[in-house]
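Some notes on the structure that comes next.
Just so it is clear, A, B, C, D and E label the chains in written order, and each chain counts residues from 1 on its own.
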Amino acid sequence: MEIMRVVDELVCTRRVPGLQAASLRILASQQGVLSVATDPVGVPPGKWVYTTSGSAARLAMKDARITTDLTICGIIDNWDE
Amino acid sequence: MEIMRVVDELVCTRRVPGLQAASLRILASQQGVLSVATDPVGVPPGKWVYTTSGSAARLAMKDARITTDLTICGIIDNWDE
Amino acid sequence: MEIMRVVDELVCTRRVPGLQAASLRILASQQGVLSVATDPVGVPPGKWVYTTSGSAARLAMKDARITTDLTICGIIDNWDE
Amino acid sequence: MEIMRVVDELVCTRRVPGLQAASLRILASQQGVLSVATDPVGVPPGKWVYTTSGSAARLAMKDARITTDLTICGIIDNWDE
Amino acid sequence: MEIMRVVDELVCTRRVPGLQAASLRILASQQGVLSVATDPVGVPPGKWVYTTSGSAARLAMKDARITTDLTICGIIDNWDE
């Protein structure tokens, strides 16, 4: 799992049906590269989280049919950048 | 999911049958590396999109048998590079 | 499999149910990038380990339903950095 | 899918049975890193191609049991480096 | 598949049961990063090999239940670094 920081919500008007109404977050990696993740936990911007990728990203969603390859798994307590 | 920009359509006369008639786009990553993605949304060049990779790329196609590992999932609104 | 060093335990109060009570460790890659892995072996900080990723990370857990994409597979003896 | 250039054929006398008699090509990425891919299309050295990786690489072969993680999917027309 | 060089055997006293008695090798990538691979071919140190990753790494083992994500597929003849 990767350690990333939540930067913002993602706003998009058009998307594929497989994502349903899943919440999407923009995350920054430790190197500052931005990605998009599904968020079943409900994490506010600024928090450090760890994420799972690949097929595990779908298993981490409450509904495993969500078409994602990156999902927030938990909030890390007391993380110093 | 990764954040990428649509650069162009991909023109290729010979390809494997598993791609069928799927639309292909050339995308640039935030670092400027070019990739090829299947596009079930219909995105014009210049737009920023987020993409899903791996087995999720096939699930994001309307026909999950399409042989792809990168699919455009949605257009990002109001993205500043 | 990747060669990584165990840096610390991961403390997180909120996480997805699929991780159950699996032990989580913070690992550093050879390039110093930090990741989070599930640990079925029980490795103290400071040890060098090798890890498996992707779907193999779930197979390496005693319970293959654990939602992980990185698992510690063994301790490397006598590793010089 | 990635954009790569065919550099050469791969000559190897010993290989695992799962590759059967599949044609192997040495490819260079846009950054110049070399990889090995299975080639169901039949591409001569010098051509630019796009490739699929992961489980999609097996689906792109005419025989999906071929043990590969990178397969040439098509030749790109008129590619300027 | 990636092109890598066999550096050494891996010695580890404790490992997960899923690896069984598979031979493990330390490999160096073209960039010099070290990884660990299962070796069904039997390759001595110094040889250049190509490897398969992900789920294909398990298919390349004689026993597909081996918990690996990187497997040596063959020895490359006459490789100049």
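Just so it is clear, contacts are C-beta pairs under 8 Å (C-beta built on N, C-alpha and C of every residue); 3 or more make two chains touch, one makes a residue touch a chain.
For clarity, every value in this text was computed on a predicted model and none was experimentally measured.
Mean C-alpha position of subunit A lies 20 Å from that of subunit B. Centre-to-centre separation of subunit B and subunit C, using mean CA positions: 32 Å. Shown for subunit E are the residues in touch with two or more other chains, namely 54-55, 57.
Taken as a contact graph, the chains are arranged in a single closed ring, with each chain touching exactly two others. Around the ring, proceeding from subunit C in the sense that reaches subunit E first, the chains are ordered C, E, D, B, A. Those residues of subunit A that touch subunit B in the shared complex are 10-16, 18-19, 24, 26, 33-37, 54-55, 57-58, 65, 67-70. The residues of subunit E lying in touch with subunit D in their complex are 1-3, 30-31, 40-41, 50, 52-57, 59-60, 71, 73-78.
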